[in-house]
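First, the structure itself, so that you have it in front of you.
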Amino acid sequence: MPMQKMLKEILTRVREGKMGVEEALERLAHLPYEDLGFAKPDTHRALRRGFPEVILAEGKTPEQVVSIASKLWEASPRLLITRANEEISQVVKKEFPEALYHSQARAVVLDRLGERPTRPGVMVVSAGTSDLPVAEEAALTAELMGNIVERTYDVGVAGLHRLLDQLPKLRHARVVIAVAGMEGALPSVIGGLVAAPVVAVPTSTGYGASFQGLAALLAMLNSCAPGVAVVNIDNGFGAGYLAGLINLGKEAI
Amino acid sequence: MPMQKMLKEILTRVREGKMGVEEALERLAHLPYEDLGFAKPDTHRALRRGFPEVILAEGKTPEQVVSIASKLWEASPRLLITRANEEISQVVKKEFPEALYHSQARAVVLDRLGERPTRPGVMVVSAGTSDLPVAEEAALTAELMGNIVERTYDVGVAGLHRLLDQLPKLRHARVVIAVAGMEGALPSVIGGLVAAPVVAVPTSTGYGASFQGLAALLAMLNSCAPGVAVVNIDNGFGAGYLAGLINLGKEAI
Amino acid sequence: MPMQKMLKEILTRVREGKMGVEEALERLAHLPYEDLGFAKPDTHRALRRGFPEVILAEGKTPEQVVSIASKLWEASPRLLITRANEEISQVVKKEFPEALYHSQARAVVLDRLGERPTRPGVMVVSAGTSDLPVAEEAALTAELMGNIVERTYDVGVAGLHRLLDQLPKLRHARVVIAVAGMEGALPSVIGGLVAAPVVAVPTSTGYGASFQGLAALLAMLNSCAPGVAVVNIDNGFGAGYLAGLINLGKEAI
Amino acid sequence: MPMQKMLKEILTRVREGKMGVEEALERLAHLPYEDLGFAKPDTHRALRRGFPEVILAEGKTPEQVVSIASKLWEASPRLLITRANEEISQVVKKEFPEALYHSQARAVVLDRLGERPTRPGVMVVSAGTSDLPVAEEAALTAELMGNIVERTYDVGVAGLHRLLDQLPKLRHARVVIAVAGMEGALPSVIGGLVAAPVVAVPTSTGYGASFQGLAALLAMLNSCAPGVAVVNIDNGFGAGYLAGLINLGKEAI
Amino acid sequence: MPMQKMLKEILTRVREGKMGVEEALERLAHLPYEDLGFAKPDTHRALRRGFPEVILAEGKTPEQVVSIASKLWEASPRLLITRANEEISQVVKKEFPEALYHSQARAVVLDRLGERPTRPGVMVVSAGTSDLPVAEEAALTAELMGNIVERTYDVGVAGLHRLLDQLPKLRHARVVIAVAGMEGALPSVIGGLVAAPVVAVPTSTGYGASFQGLAALLAMLNSCAPGVAVVNIDNGFGAGYLAGLINLGKEAI
Amino acid sequence: MPMQKMLKEILTRVREGKMGVEEALERLAHLPYEDLGFAKPDTHRALRRGFPEVILAEGKTPEQVVSIASKLWEASPRLLITRANEEISQVVKKEFPEALYHSQARAVVLDRLGERPTRPGVMVVSAGTSDLPVAEEAALTAELMGNIVERTYDVGVAGLHRLLDQLPKLRHARVVIAVAGMEGALPSVIGGLVAAPVVAVPTSTGYGASFQGLAALLAMLNSCAPGVAVVNIDNGFGAGYLAGLINLGKEAI
Amino acid sequence: MPMQKMLKEILTRVREGKMGVEEALERLAHLPYEDLGFAKPDTHRALRRGFPEVILAEGKTPEQVVSIASKLWEASPRLLITRANEEISQVVKKEFPEALYHSQARAVVLDRLGERPTRPGVMVVSAGTSDLPVAEEAALTAELMGNIVERTYDVGVAGLHRLLDQLPKLRHARVVIAVAGMEGALPSVIGGLVAAPVVAVPTSTGYGASFQGLAALLAMLNSCAPGVAVVNIDNGFGAGYLAGLINLGKEAI
Amino acid sequence: MPMQKMLKEILTRVREGKMGVEEALERLAHLPYEDLGFAKPDTHRALRRGFPEVILAEGKTPEQVVSIASKLWEASPRLLITRANEEISQVVKKEFPEALYHSQARAVVLDRLGERPTRPGVMVVSAGTSDLPVAEEAALTAELMGNIVERTYDVGVAGLHRLLDQLPKLRHARVVIAVAGMEGALPSVIGGLVAAPVVAVPTSTGYGASFQGLAALLAMLNSCAPGVAVVNIDNGFGAGYLAGLINLGKEAI
């Protein structure tokens, strides 16, 4: 760490009388903060916990993705590429033969550690089959963080019995990710049934007045059940990450 | 009916040879249509069935309301004034001592017939207590049309058991009016539980991203349960009228 | 039905003294509700009435559609696939040679019963020729439910005489489906002409400030004629289903 | 006109050899354009035709209105103050005893000429009674320009016969102003019935999803009938002015 | 005209004593209105004036366009197909060799009359070169109605001198069509410079916060200059038609 | 609990041979679910943990609030009334002398338990002083759940050093509530600095293009920092409740 | 400065051998950054230049404003309170007799320095008289920063000559603030006339489709003239501050 | 300059007595203003300073771009074509072999002068790598104006240390361009760190509730840091131009 070296050098020179206190003061005041290390612990922890770096592939060329991945892969034991289509997955795999493509989650994972999740408590629930890519992205993200994830899909509120059948499982979860498009009612209903935090993910599933997920987003923000918070439309990664954090708890941070 | 007199006169003059066929043809082509009577049956039916004329008091002065009411009350056995506040109700009652003010429904009713509803089948369900004025406006409207209305309030989806308790009643209804603000999930859940048509009424209950009922409106339009249709935000009258029509069926029209 | 078996077993064991009342109480309290059968009657009725299961093809791969269809087709005498393009219809027909593709309605129908509709009363009216796919989806849906459907297309309000020509037919309908894009005025005008319920369907027909059907949607929600309710933009299926329900009446539920 | 004096002076000095061509050139190039008179003809015409200057009272204090009015009243034979409430009208009348307050149109008029309108051809049609202030503002504006205005109010599309009764009058108009809130269908229907230009005025009449006139505005912009143009929500003055211009024709300009 | 025949027959039979007045009355009351001819004069006038029928090609297949065109072409001396791309123009030309494709206006014209416009007074002004298709559609429409159209393009407000150069022409116009995207300021500026009516056409030219023409639309609706009315985004046809009507005046209607 | 009595009775009668298994089966299948107790554990837990029932006072009359409070206060050791203005607090205090009004949080608390929070870990951070009511509502809610809450207000991103000063505290929190209006950047910046979950609360603080909190809401939903979830605009209670749940962890549920 | 003292102490102790290099390293790494002084220069400069601290009074009680003002007034030679109504100005003046209330700008100023602006170059232009409060807030802000401000009000684009008259002045400005509501065209027109940067301020002046300034905001963002940037609706302070910065240039920073 | 010739001629003829003062007056009053030269200085300056003419390629065919470029290239020493894709760059290069394509900035530059920028002071900062095309367009524009541009990319607020590392550079800039999508927080944070003007550029980077850059746009407009102004979404050119103007200062205008 060059910064720490520099700091040490300043202090050593002060100690050895080679640098005056005033001059040292002056130099310290102008050091870039990051070099004082305030962001370092984060990096340390990331390395230690093996939490994957994330690349949002959407809106990048396959070349850009590979180039960024190459850089990150040197510094991180795990790497997650989200919103990767078939083409990008091919290009990445060519470069990194160890890469795994989760086509439903539209995600590529590189993983040197190969550890299995050990912390139970995350449940991912989706309203319809079209919400699957988002739900899987959430589940995969939480798993990569070390969470054991229970999945229950296609239990929308129009067939309430399908959801109620899942109550015992829902009641056991420490955190529930509720994924839904259209009217986005699922998180409200789940929020009324369980006491665990609910991370709501609106999806762009639907047409017409769903306005690409706006209807579901607004519904979730107005949930009459407490304990519900919302992430961006189609943001499976964000939901999985937050739910993973909640489930892992303080010790994980 | 002056129009019919005029028509008769034309025909009589044709018969008597006082008017040529061409001239009669010409005059007939320019007669106002309404005078041909196409809208009359409506009026006749309205009078016969005693269905109330409706005045939306909101945005009118008490004087305007009384003035319009006076005119309508001559021609109709029943009169409904919606969105009437306390002040308007006072002014109307002064003019029409027989007027009844339903304060929860914010409605004034004048009724010469005094018949009780006879047709069971309409159920009004509301998510919260703040939705009550809208729900009551809907119920009152349907009742004035002759429908027996079952009310169940404060059964929002965040406490699903409250709603599920009402399932037997819901299953008996021929048409359900579901009133909800905030996330507006109630109609979707009910639509999945019953086979009867559901008239969904979004309300402006809520704050922030409810955007005065927009969130509930969009949610209801995107209901994943079939058999649901939506009326305007806070439009209890419209919902009650439509549900009443559906329940009374063809014979009522 | 495994649940009923389980319930029976509990009760039998109580009767035979093999299980205490307290223990039985405890077990009953934790049974999943659906297994208590509350959703079953729906399924029974659906089977009995032959009402089609529905798959929204849009946003699904042909393979997904076929896979879901295969499962549903085992359990249902009729099957409706909406928003199916030519390609999907081909793939479905290959798998199910009995499938019929209604290209205007963009719908595939599988039907073991082959019964003809018997209940008159539904009328579908559209403003323009571009609204046809939505109108046909509505008509087809209502027909599959057993309703005889009268169609009248291209009678927008800019040429009022075309609509007024249809008044006798409109007056005979028990429920009218009014389909319109652009300014969406058709349901208001029809709602003022007939006494039957009007199911309004905004379409995305138009450009510019139609904002993909938003203009028509808002117009219909604000209809000054009572008796009008609105479904989602382009939601022909939802309108047909609701109108079908209304027309079939209580006995159909 | 000081500008013309100055120009004359320059030219005279050039002629008299007191100013060089180059210097004159330089001075001419920097003259304010208005002083070259390009806006003057407008003012001349305004004075000649007696067309009123307009003050939008809304958002101004009574004092500000009076102060601006005093200035304009010196230069103009007529003065129109729009959106003036009772209080403003009182303050203005106190200052200008000749002022007339048209309470329905919420407008104050000062008029030295006192000429009656002479040009027939403008018809103002409104959908509901709540649209009256806007309709009256339009009518009054057109009248002040010299147009004879035919008014027909409360002929919304939900009671089509009321409108159709007015067809003969509508057919005689050279330009129709159609004022409507809620679903804003009136201009489309009128546009389909008459061949004259239709100036559509959306009003903020309505509630819920009317969004203060947005629904009516969008509907009117998407009118399926050609020959319709739209002004701002509640902009009766703008509609009256435009319709007046159209009716007066080229000679008026 | 079958209707007129029928009417004549009724009247003749009444005259000849073969039908009673009451019976005739009854039959007349139930005739479809259109058959009473109320829309006929329109058709007559259209034929007489040779005003083109219009087909909006956008959203229709080439086959549909040709099929509708074939029908209309029988009844009308002129035919206008708007928003026609190259492909549609080819298919139409194959069917109707006399068809002319105006590629800039994206319009196909069929014209048996071949008369040249005779009525001067319409001026079309556009802000940028990207607004050209809309401006040309407007100009072409007005020309087909018989108006001589003056065109001035690329005179946006950011280079005011380009617009001011056109003042003399602008001052001569009886009606100005102002076409602009982006900030849509052109109609306001023109509205302040001329006394003629201004038909404002917002276009979808722009990006980002232009929101496909919404910015220009709102700007034009809020024009601080009176005498401006607005049509739908990109609606060149509507603007041309309205301006044409205004310019032709009452005699044209 | 009457339901449990009824269940017991059925089972006892079965046991005693007074009711057949089939009959018992039938009766059980029609019992309301709630009575089967599925929601009971919630209630039990709520009582046990002393978590307060919540009344949203906004939109209710003081009388309604008192009436609902009276009912809840019988069944709950704690009661929270949110969005209570001075007037409501007075009326409530008159009825419940033990009520405490937290004027900054606009909340009334009734508390029989009087226990102090014991679980550290929640930190509430606000961007500006105008966000205080929302921040305090969040803090108070979390405290009533048993969480020790650290507050840091007025540390908006425009003065980053104020926020960075709080880093050590922020790093110790298990969950951070970030409250901000205007551009809503605070949660993104905090999300990048800490590894704990961040509950973002947009407020309606701001003017113009803040659109009553919409700007902040959208910004927070689009946070580039992972681990951030959003609640409704001004929803301090929801944020406090969710953060409280997260901090208390599974054992609290 | 306590931080500098602490730093000095550490360094001194290192120098004196009382603290080891490693220990000093550790302590330095955990110091709060602000204390390293990175934000200090700002404060110093603010004090030196006498630039006023700003309090947004809107949404604060008079007491809150006075309390914050008291604190800031100790540390700053100038103080600006924006959006202060009459009541707030009274309360502030009572506390600070030296306070000056600029009623048009709705601003209170406290100023110990009393220096007059010396730097010419800022011009504030407004479209209408209703935009005056915003324009004055902008002008006052820039003046307090030391800029000489030229004001020109009521020169909207509908009367272009009024604006063109100001061209010589506009051409001399180093930066122009253009304030406009309604269609917001003024900055585009000015941007095309001058080469200096234009700071555009949309105002909420207008009604209907101005949507509280949204129309003007969008127009300004889409300005076809380069060199224009936009601040929030009604944000006179922001515009004045930015223009002041630009005009003062680097030396002022 | 033909206009000046004409003016001179008039003046000369007046001088020589060949034209009367009145006649000259008349002719001067009707001259097109532009010909009076008011826009000319701009052109002169543009030529002198070599500032590039700009063509927005988006929405134009390659042929149109080349045609406009050919015309401008004759009159200008530099030419900038923005939003040019690969295809357009090829076509332009074929026509103008001296053209340079900056693929990241999506811009083609033609430059006869080939001078290097000399004025330091502009810094372009971007939040993410996806914002690069917009950032580069801004940088390139400012450089073409003669500004030396410092670039710092991928320093979004979620990793604050990356941004803080750049503080020394940021502090040296005379104007900062801050480019960001998603939550758009970057300009607010920078605005709080530096005293120079900040030109904020929202980008359409993001998904879901970013609504194509709307979220970032609103955030930037609501920046709590003063000294920030905003340009249109993705408008790199506009930002570069404005920042260039500010940096070059008065002497550049």
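Miscellaneous remarks
Order as written gives the chain letters A, B, C, D, E, F, G and H; numbering starts at 1 within each chain.
The working rule: a contact is a pair of C-beta atoms (placed from the backbone, for glycine too) under 8 Å apart; a residue touches a chain by one contact, two chains touch by 3 or more.
Given the structure is predicted, the values throughout are model-derived calculations rather than measurements.
Its interface matching that of B-F in over half of the contact pairs by residue number, F-G stands out among F-H, F-G or A-B.
Fitting chain C to chain E on Cα positions gives a rotation angle of 90°, stated in steps of 5.
Separating the CA-averaged centres of chain D and chain E is a span of 25 Å. Chain A and chain C have Cα centroids lying 38 Å from one another.
Note: centroid distance chain E to chain G, computed from Cα atoms, is 50 Å.
Within chain H, the positions touching two or more other chains are listed as 33, 38, 159-160, 164, 167, 208-210, 214, 217, 221-223, 232-233. All chain pairs that count as touching, in label order, are A-B, A-C, A-F, A-G, A-H, B-C, B-D, B-E, B-F, C-D, C-E, C-F, D-E, D-G, D-H, E-G, E-H, F-G, F-H, G-H. Interface of chain A with chain B (complex): residues 127-128, 156-160, 181-185, 188-189, 191-193, 206, 208-211, 214-216, 218-225.
Across the complex, chain F is touched by residues 33, 38, 42, 45, 54, 121, 167, 174, 194-197, 199, 217, 221-223, 226-233, 237-239, 241-242, 245-246, 249-250, 252-253 of chain A. Against chain D, the residues of chain H that register as touching in their complex are 4, 7-8, 11-12, 14-15, 17, 21, 24-25, 28-29, 31, 33, 36-38. Chain contact summary for the complex, chain A toward chain H: residues 30, 32-35, 38-39, 58-60, 64, 68, 202, 204, 212-214, 217, 232-235.
By the touch criterion given at the top, residues 129-130, 159-162, 164-165, 167-168, 205, 207-210 of chain D touch chain B in their complex.
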